[in-house]
Amino acid sequence: MSSRFRASVLILAAGALTLTSCDREEHHSRAKPIGETVPAGASPPTIFPGNSTPPPLDARAALYDNNANAIGKGQQLFLQMNCVGCHSHGGGGMGPPLMDDEWRYGGRIDQIATTIAVGRPNGMPAWRDKLTDDQIWDLAAYVRSLSGLPSKDAASSRTEGMSAGTPQTLTPHGETYNSDAAQQ
Amino acid sequence: MILEPRFTDDLSDLPTFKFGPSSLTWWGVLGFMVIEGAGFGLAFAAYFFLMGHEQGWPPEGRLPPDLLAGTLFLVIILLSEIPNTVIKRAAKAGDVPTIRLLLPLMVAVGVVLLIIRGFEFNSLNCRWTDDAYASIIWALLLLHASHILTDWLDTVVLCALMYTPVAYEPRRWGDVDENSMYWRYVWMLWIPIYLMIYWVPRL
Amino acid sequence: MSLRWSAKAAVLPLLLGACQVQHYQSDFGGAAVEDRQFLALFWIFIAVCAFMYALVIIFLLGGIIRMRRLDANVVETGRHHESHPLMRTTLIGWTVLIGVGLFALAVASFVTDRSMAKAAANERLSVTITGNQWWWDIKYNAADASKTLQTANELHLPVGVPTRILLDSNDVIHSFWVPSLAGKQDLIPGRENDITIVPRKTGIFRGQCAEFCGVQHAHMSLVVVVEPYADFIKWWDHQLQPAPQPTTPLTLAGYKYVTSGPCSACHNIGGTSANGQIGPDLTHLATRKSLAAGTIPMGEGNLYGWVEDAQSIKPGVNMPTVGLEPDQLHAVVAYLETLK
Amino acid sequence: MTDIRADAFDSMRERERVRVEEEERRLAAERRKIARDGPKLKGEKLAARLDLAWRRPPGIIGWLATVDHKEIGRRYILTALGFLALGGVLALLMRLQLSKPDNAMIGAERYNQLFTMHGSTMMFLFAVPVMEGVAVYIIPLMLGTRSTAFPRLNAFSYFMYLFGGLMLWGAFVLNVAPDVGWFAYTPLAGPEFTPGKRADVWAQMITFTEVSALAAAVVLVCTILKARAPGMTLSRMPLFAWAMLVQAVMIIFAMPAVALCSSMLISDRTIGTNFYNAAEHGDALLWQHLFWFFGHPEVYIIFIPATGFVSMITETFCRRPVFAHAVVVLALMSTGILAFGLWVHHMFATGLPRVGYSFYTAASISVSVPTGLQIFCWLATMWDGRPRFQVPMLYVVGFIVTFVIGGLTGVMVAAVPLDLQLHDTYFVVAHFHYVLIGGAVFPLLGVLTYWYPKITGRMMSETLGKIGFWMVFLGFQLAFFPMHWSGLLGMPRRVYTYPAGLGLEVPNMLSTVGAFVVAAAVGLFVINGIWSLYRGVIATPNPWGAASLEWATSSPPPVYNFAHIPVVESETPLWDVDGELPVVTGLRVDEKEMLLTTVVAATPDTREPVPQATLWPFISACAIGIVFIASIFSPWAIAVGVIPSFIALTAWFWPKELKRTAEPVIT
């Protein structure tokens, strides 16, 4: 009886050791949005010359970066707001590819959010009026997950729609399998 | 007040092992074969359920899997039944030298089959992410590959065991007998899977 | 034993009496052919099952009452391998009784099923409902394309007219269920389901999604208005008109903000530049009886609450918190109230 | 040249043959010296030697390495009752949230996690394992043998179950709990609408519990078919053993369905296959077909052992065998077979062809006939016998009164026109709680009271038991009868709140009150269990005067169960024995050994060595468990994890010393 009792106490102690709740799964549908991404008018410091230290990360990065629900919402918005039109499914087309790791205007989540909010030359529209901050940051989280920057397992493996790449079975033998950007 | 025992008869000369349904491990192996059979049966049902939706199977424009690797696999696994039957009879007869001779052959055949299976995965002409057709074909092939792998690992361990003095114990002959029975089950399952992967898309 | 029976007897009337039966959203509504046939079959099943249950309880009580007698076929009397001579025949009788009873119920169910299908044979109105996460997109199909109507969360049906509702889903599996009218049918992505309803009673009824579809499954309901055919046609023609133009400066400011701001990215307002297809259609929002898929009744206060902060009413809903300034909020709500 | 090699080969075979023959002679001589039980070696001396051979090493190592079916059975039951308590707490939280309309006590996301965890815990972590646990403890005693077949596989099955439960509840603590329902319909549970690892955790819990249930099922089938006492032919086998045989065979055919579909769900979610993706030729209904092909047999897998419990309690407390033993056995078998033919009645609202539905209506209605016959046989046993209403028999009466209501509402939801209104409403919630709590938990509480003296050696208190029964019975009716009413008033399932004005306030408040009464009653049962452990009346080997073999040995039974294997001559052995128990002798005393008999006639067949206590099942369960958990995060974990699992399983199979002994010993 005693050894069984000791074993159960051990198990209880281990169970009680509640680790910090894993925030990767946190649903945070906040009532109030936190302040503006970019003060109106000021252009974001996207390029940091050599020695100057990059500005501190926005407070919301922790909430959105690598958060499964934000990435999920961003994925739906990416389809609904027709980002696919220019960027296709991340492979690029009229717009630059988002799956690689070259970021003209900065690859951090707040920089991507700023790019989406204020728009960029050569055709990137400003979404500040059309999308709320919440949605912009969800999109930014999804765009970062496209290039696998945060850990892979927060992003979902596919959408419920048509799969992005052309089926391998249509490409005759020998040709390497590549994303449809190269196909067009 | 436990009841006093009334001794009826003495069983001390009962054997400690018999082949076939008298042995416990025979029933255990049968149980796991039925479990895997139920699993494979439902995988077949899923295959035909998904196929039922389509006008064409595979879906329009997809190339069916190439025949070479799969057919080669079928031929070799059917041929492997010959040494398998010899081992089974030797196990029943307790002929340990023959078992020690042929088990390494079965291990070698297993290696060859696993290599061919690698080529088969390559000749499916589809990636599992393409569509449900590709997913279910890859699933069937992967399930059977794991089936081959587990039985091959079992044969390797058994082969090592038969090279120890314990090989002369009747229980171990029972293990060899049941392993051969399981190998028969493996290639019997391959026949419907082979037809579903390679020939049904060509109908 | 008597304690158990009195307790059980006390509970039953307490239940039935305590709540008066509303017909707004209940299986007893009887507002359509399908629900009336359900009720008929329901009472048949209740009667047969109650009879069988009474038999079981009588048999059980018999066994309990006879517990004291001495000449039982038990171990103590050494007759535990014998049994009451009539027991075998009672077993056979019991089996026959169960078989006949259940066969009758099966036939009754089949007959009801066939008559439901027959009653809904020649439908004269076709509606397509598409389920989205946590609201209903309703499209009235008409022969000529200009007459097709796109609305959301409120279904108007002409009384007496068999209506065939085609069910599809944009995301997960939902289930269209208006208990007072008819049984439920699932809305499954990739499948074309349908249900036909023949309303018999006019009035306002409430339906709710019956298949678990995510965070706000509890607030995915819809209001169904059954009205005479003439009123229905008048309602349909009115809904086809584009949204009325704003007149006062306040509603004009609201109009400007709605058509240029985030609202136009998701919502469509007929006759204006806002033509988002992601959210519900708002062309005649103010004519509807509820907001947020039947969650809160339509009203100025609720409009303020919903537009200003949707998350506190329906946490997790896809409508974002726009963060309007107070003056913008007044303008937008004033404009939305003009969308009659 | 060839002949030299030929005869060299012959001489080598010759030498081998001679060596083997000489070793045979040595072993035969040794075999004659082995000590065996019998008239010469019996009583206290035999008990001491058998205890020495069968006892496991002490301490934590011994605790982890035990292969004694009694210890594993106790662990199964205690762990399952622990999960019952955890699941019950979740139910109370849900009832508090639903006690009044538009309640803001628990948010939507948290509530969805609560009802998913409640459903999954009750179905996978409580109901099936507790039936396995009771069977693993009682079946070898009831069949008159010393151990189950494959005792190491039995230990492995318990650890897999434990790790599955710890993983699910660990995820709940880490806020990664599943929130898609215990049925996890796709596409909601698919990669797009449940991002993150919530649904993967649920699917891996299924893999754990299904491996555990399948292993335990194979153990039970082999024990029931091969290890019965001599003379216990199939027709003389107790009804509980029949129930467990039918249940185990059902598990073997049903569990692979959920194994397959949960693995397909995980592959959809992690490596992007398209099984359930409607846009890429998949189908969301494929999930429902595969899940419910398992789902419906699952509820019979939970119910059928309960019929076994009711048969044993009715037999003992009515002082006569159950009326028409053959009818009950045939009813069990036909329930088991029919259960596989009616899964589509869970999908009446998904728009499949209506003619197909009427076939499933007929099948679903017909499955209630065999259960109706069993109910008749129990009532006839009470009518013909002299029922003593002690606590176990009270639970049987409570079972009959409650379960028959659940069975009849089941017949109602089997009819398509009714089901279209009642499906996914609280009417169905009432139905399945009537058949699961009324049909399985009541008999379980009764049988735990019935076999408590055999397991612990002390009787549970009769007064606490009676109070507990009335509380759980009346609390149950108060909690779940109003749910019929709220379902008819249009309250769908799995809603975290409901609007006011629909008349749902009173039924929901009554249900909440009733739920707390039931919780108090279960608490009282646990207190009764713990209190009786120290203060209960010391139990004799057969306190209830029962007939089956588990009451022929002491309470609690010794490690080796029976000093001599009993012989059975009738259905109710202890009632038809005139003072002396006929036994057979000849099993070894210095090593663990059990008797195997033929399948149908149970004539002695072979003597089977029983494996020693070993840590390898625990280590294999750890290795395979880590592979399962790691494969949530990356599929490569399976490829890498195969190696340690293979090593652990080989070490489990590999004999400790590689030399032949007189008679085989599995170490």
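Just so it is clear, A, B, C and D label the chains in written order, and each chain counts residues from 1 on its own.
FYI, a contact is a pair of C-beta atoms (placed from the backbone, for glycine too) under 8 Å apart; a residue touches a chain by one contact, two chains touch by 3 or more.
Worth saying up front: this structure is predicted, and the values here are computed from it rather than measured.
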Notebook entry, point to check: Where the contacts of chain A and chain D overlap, which chains show up?
Noted result: B, C
Next item on the list: Name the chain with the Cα centroid closest to the overall protein Cα centroid.
Entry: D
Notebook entry, point to check: Where are there more C-beta contacts: A-B or C-D?
Noted result: C-D
Next item on the list: Indicate the whole-number Å distance between the mean C-alpha point of chain A and the mean C-alpha point of chain B.
Entry: 45
Notebook entry, point to check: Between chain B and chain C, what is the gap in Å from one C-alpha centre to the other?
Noted result: 51
Margin query: Please tell me the distance, in whole Å, between the geometric centres of chain A and chain C computed from their C-alpha atoms.
Written below: 38
Item checked: Residues of chain C whose C-beta touches two or more other chains -> 171, 189, 215, 315-316
Margin query: Can you pull out the residues of chain D that are in contact with at least two other chains?
Written below: 109, 187, 192-193, 271-272, 274, 277-280, 283
Next item on the list: Any chance you could list the residues of chain A touching two or more other chains?
Entry: 27, 158, 160, 163
Check: Which of line, ring, star, complete or other matches the graph of chains that touch?
Finding: other
Item checked: Which chain pairs touch, all of them -> A-B, A-C, A-D, B-D, C-D
Item checked: chain C - residues contacting chain A, complex -> 171, 189, 215, 260-262, 264-266, 278, 309, 311-312, 315-318, 320-323
Margin query: Taking the touch rule as given, give the residues of chain B at its contact with chain D in the complex, in rising order.
Written below: 1-18, 21-24, 27-28, 31-32, 34-36, 38-39, 42-43, 46, 49-50, 53-54, 59, 97, 128-136, 138-139, 149, 153, 157, 161, 164-166, 168-169, 171
Next item on the list: Within their complex, state which residues of chain A touch chain B.
Entry: 158, 163, 165, 167-170, 177
Notebook entry, point to check: Tell me, which parts of chain D touch chain A in their complex?
Noted result: 58-60, 62-63, 109, 166, 169-170, 173-176, 187, 190-193, 195-198, 268-272, 274, 277-280, 633-634
Item checked: Footprint of chain C on chain D - complex, ascending -> 107-109, 112, 180-181, 185, 187-188, 192-193, 278-279, 283-285, 318-321, 323-324, 327, 349-351, 354, 357-358, 361-362, 365-366, 368-369, 372-373, 375-377, 379-380, 382-389, 397, 400-401, 404-405, 408-409, 411-412, 414-425, 470, 473-474, 477-478, 481-482, 485, 488-490, 492-498, 501-503, 505-507, 510, 545, 547, 572, 575
